[in-house]
Amino acid sequence: MLFKVEMKVNIPYQMPAEQAAEIKAREKEYAQELQRQGKWRHLWRVAGSYSNVSIFDVADNAELQDIISNLPLFPFMEISVAPLCRHPSSIHEDDR
Amino acid sequence: MLFKVEMKVNIPYQMPAEQAAEIKAREKEYAQELQRQGKWRHLWRVAGSYSNVSIFDVADNAELQDIISNLPLFPFMEISVAPLCRHPSSIHEDDR
Amino acid sequence: MLFKVEMKVNIPYQMPAEQAAEIKAREKEYAQELQRQGKWRHLWRVAGSYSNVSIFDVADNAELQDIISNLPLFPFMEISVAPLCRHPSSIHEDDR
Amino acid sequence: MLFKVEMKVNIPYQMPAEQAAEIKAREKEYAQELQRQGKWRHLWRVAGSYSNVSIFDVADNAELQDIISNLPLFPFMEISVAPLCRHPSSIHEDDR
Amino acid sequence: MLFKVEMKVNIPYQMPAEQAAEIKAREKEYAQELQRQGKWRHLWRVAGSYSNVSIFDVADNAELQDIISNLPLFPFMEISVAPLCRHPSSIHEDDR
Amino acid sequence: MLFKVEMKVNIPYQMPAEQAAEIKAREKEYAQELQRQGKWRHLWRVAGSYSNVSIFDVADNAELQDIISNLPLFPFMEISVAPLCRHPSSIHEDDR
Amino acid sequence: MLFKVEMKVNIPYQMPAEQAAEIKAREKEYAQELQRQGKWRHLWRVAGSYSNVSIFDVADNAELQDIISNLPLFPFMEISVAPLCRHPSSIHEDDR
Amino acid sequence: MLFKVEMKVNIPYQMPAEQAAEIKAREKEYAQELQRQGKWRHLWRVAGSYSNVSIFDVADNAELQDIISNLPLFPFMEISVAPLCRHPSSIHEDDR
Amino acid sequence: MLFKVEMKVNIPYQMPAEQAAEIKAREKEYAQELQRQGKWRHLWRVAGSYSNVSIFDVADNAELQDIISNLPLFPFMEISVAPLCRHPSSIHEDDR
Amino acid sequence: MLFKVEMKVNIPYQMPAEQAAEIKAREKEYAQELQRQGKWRHLWRVAGSYSNVSIFDVADNAELQDIISNLPLFPFMEISVAPLCRHPSSIHEDDR
């Protein structure tokens, strides 16, 4: 089941640079692991911003919450979620 | 080159049902042709709405404008556009 | 799987009264059938408005879209959707 | 008498982790006590966020204010309130 | 129990002048009857607008909904509602 | 002459608790004095928030500014103002 | 007593051109009479729009409402009002 | 003197196609004449929309108003204006 | 050439009181000097706020930018600008 | 390929003056180098603000992201991006 998730990162000015670097490194590792599992199906940068557009493929709302709330950058992001499904004009039978 | 495009359809109450049906049929045909060409890479319905989230893969801004402005539903949609590119945490080398 | 759905009704001024009455009667029948099936788990009026707050219990996003887009008042409502799940402070084991 | 309350938590970056943990522990205890009393009738997490959707069943506006303003996280939340009542299309005689 | 209600009137351009006058006359009669009953405790015009600020004193949310949804101008107003209660700095013991 | 004023309090997280308590105590004393003078005609809490809805009765705009800008919490509030006058449907001859 | 009033004109597409011209002619006459009386102290066009910024000098809120609600274009304008008073850094003793 | 002007076109559904075509033809002619005069310095389409971003070079605010308010599409556009000037980091001595 | 400028002051909580007082004193002196030069034509307080509405009379956009960006409070204000010109219904031949 | 980019600078109050000066110096140097390369085609100040309107000419979205995210002030700006292309009413054959 798909969700479009948009995340905008706001690192507090007060955060020490090493702490920020460490959180971002964990975020990257976590994001890549979820991509390899097929749960984070797409991850794109929005050009000209510190934001991304993502497509998650999860079993249900609870799994989405579990994945998002464990993002290392979770406390420092504005996040919006939209549930997706197959479009009737899609040429695919599934939700590709 | 990728763009996320969100489209929300607002058919005027005054539009005759047959006209609406005819426009929607042309919209579907057009959308499927562009999907087959690989230019409309993804097309999802936002659950609970008459909206979609789409990913377009076009040569440049001018081609995006050409495709979007020729949508049969173009005059009846609110449309927002965000330019996308590869995310540094993506596990793919390209913009998949 | 739960979704909070808020619906605000805007009947066009031009709609004949009989047509509006007929649509509302079908909406009521449809809403009650879905409540009896357990898919429309809660339905409340927002006091002082022509709006409701609803909780849907569906199999997945596609079923939510199927139910909402078939509401007789669908073309005449502003609708917002939020995916829900069990809260860690809930005293229930399920999503009650 | 029912109210829908939405709460979005924003913990200040400067708050020490132990203080945050202590406030959250009190919040959980308080929320569970109110659920057992039947005053906090429903409590759901909004998937992909640090937010909840709640339904309160209180005697009047004053009791709602009393309950909400005593939430340990009250100073750190954006809160919105909507008064609810039975919907004319509900299949229940009460406000269930 | 008090509610602040703000109402902004938008008469459609297409409405015949006599119909508008008839609705406004019924609105005035209805508003004055509710004031005499003590349920519409205060009614002020917002200077420079076709809007009012009102204070309603009702038994519960259901009565508020009953009163508001029966306003003759109800379909032609944007309405916002805020539940009120006694302020701890009030010099009155009640909600005056 | 009446004004509706809405005030939403935002105490900075960094403010020491004693300072906040001292400011709130002065705010209460000041608010009660103005109520006794008849200038702060109504003061209600918005249920579920750290906000109030107030009705001021002042000689002119300058007196409103004088009163509001001297509120001890003035630097820590979002404030909105609407000028009011007698409504043509009021049952009172004055602006009660 | 001064108020800043901003007015944005939205003539409905359906209004016949002669009716629009007649309303605008009355609006102009009315605006000029109020300027001559000193009640409409300033009237400026916002460049690039069908809007104005105005300063009214009236006895009280009720007179402001009387003047604004009698504007021939009143039903076709979005209007916002802000009460003004002398600024403490003004070089004038009055509200010039 | 430069202004950035953004224009978003909203043709009413009720406008006959020939009328719309005639207005757009006049708009194009007018826009090209102003470009040739150097007053409409830049004119770009926003990709994926029926909008433009324009840079006007005019003598003063009054000339801007004169040019914009005479656009044949003026009644059917949302327009926003921002005054521009040379940026201190520009490599040009003028406002190029 | 006229511009309406609205300025809303937000002094950071962390700023020492003496620093704030010193900045405000310089702001006042600067504002009065510009009023005496005729460039800051009107300066009004918005009643119930820490905001002003101002009318500037400057040679061009560059002078406006020069004046505004040198305000001692510039880094601590939200500022909005609207270019003005003579209104066709004004009774004055100039932009008074 | 052109993009309109608007940037609004918000320097945190806590940032030491020397650090701010150093960042701004690097920003200026970087902006001028990009202008000389022809990639930052236009750079204008918005009068009355700490903002700019810019036109970038880049190969694709990825280059835009590369340029913008390397701005020394990037963490301290609100940035909005709009993709541009030749307007059908332009008198130029290219995107000038």
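In order of appearance the chains are A, B, C, D, E, F, G, H, I and J, and numbering begins at 1 in each one.
Methods note: a contact is a pair of C-beta atoms (placed from the backbone, for glycine too) under 8 Å apart; a residue touches a chain by one contact, two chains touch by 3 or more.
These numbers were taken from a predicted model, which means no experiment stands behind them.
Listed by label, the chains touching subunit F and subunit J alike are I. Touching subunit F and subunit G at once are the following chains: E, I.
The interface with the greater count of contacting C-beta pairs, when G-I is set against H-I, is G-I.
Shared residue numbers account for under half of those found at the interface formed by subunit F and subunit I, and the copies are therefore classed as meeting with different residues. Distance between subunit E and subunit I, defined via averaged C-alpha coordinates, is recorded as 39 Å.
In this assembly, the C-alpha centroid of subunit H lies 22 Å from the C-alpha centroid of subunit J. Computed centre separation for the pair subunit E/subunit J is 50 angstrom, with centres defined by C-alpha atoms.
In subunit J, the residues that touch at least two other chains are 2-3, 14, 45, 47-48, 61-62, 64-65, 81-86.
In summary, the structure contains touching chain pairs A-B, A-C, A-D, A-J, B-C, B-H, B-J, C-D, C-E, D-E, D-F, E-F, E-G, F-G, F-I, G-H, G-I, H-I, H-J, I-J. Those residues of subunit F that touch subunit G in the shared complex are 1-3, 60-62, 64-65, 81-86. By the touch criterion stated above, subunit D contacts subunit A in their complex at residues 11, 13-14, 45, 47-50. Put simply, subunit D touches subunit F in their complex at residues 3, 5, 12, 14-15, 61-62, 64-65, 68-69, 74-75, 79, 81.
Residue ranges on subunit D touching subunit C, taken from their complex, read 2, 4, 27-28, 31-32, 35-36, 42-48, 52-53, 55, 82-91, 95-96.
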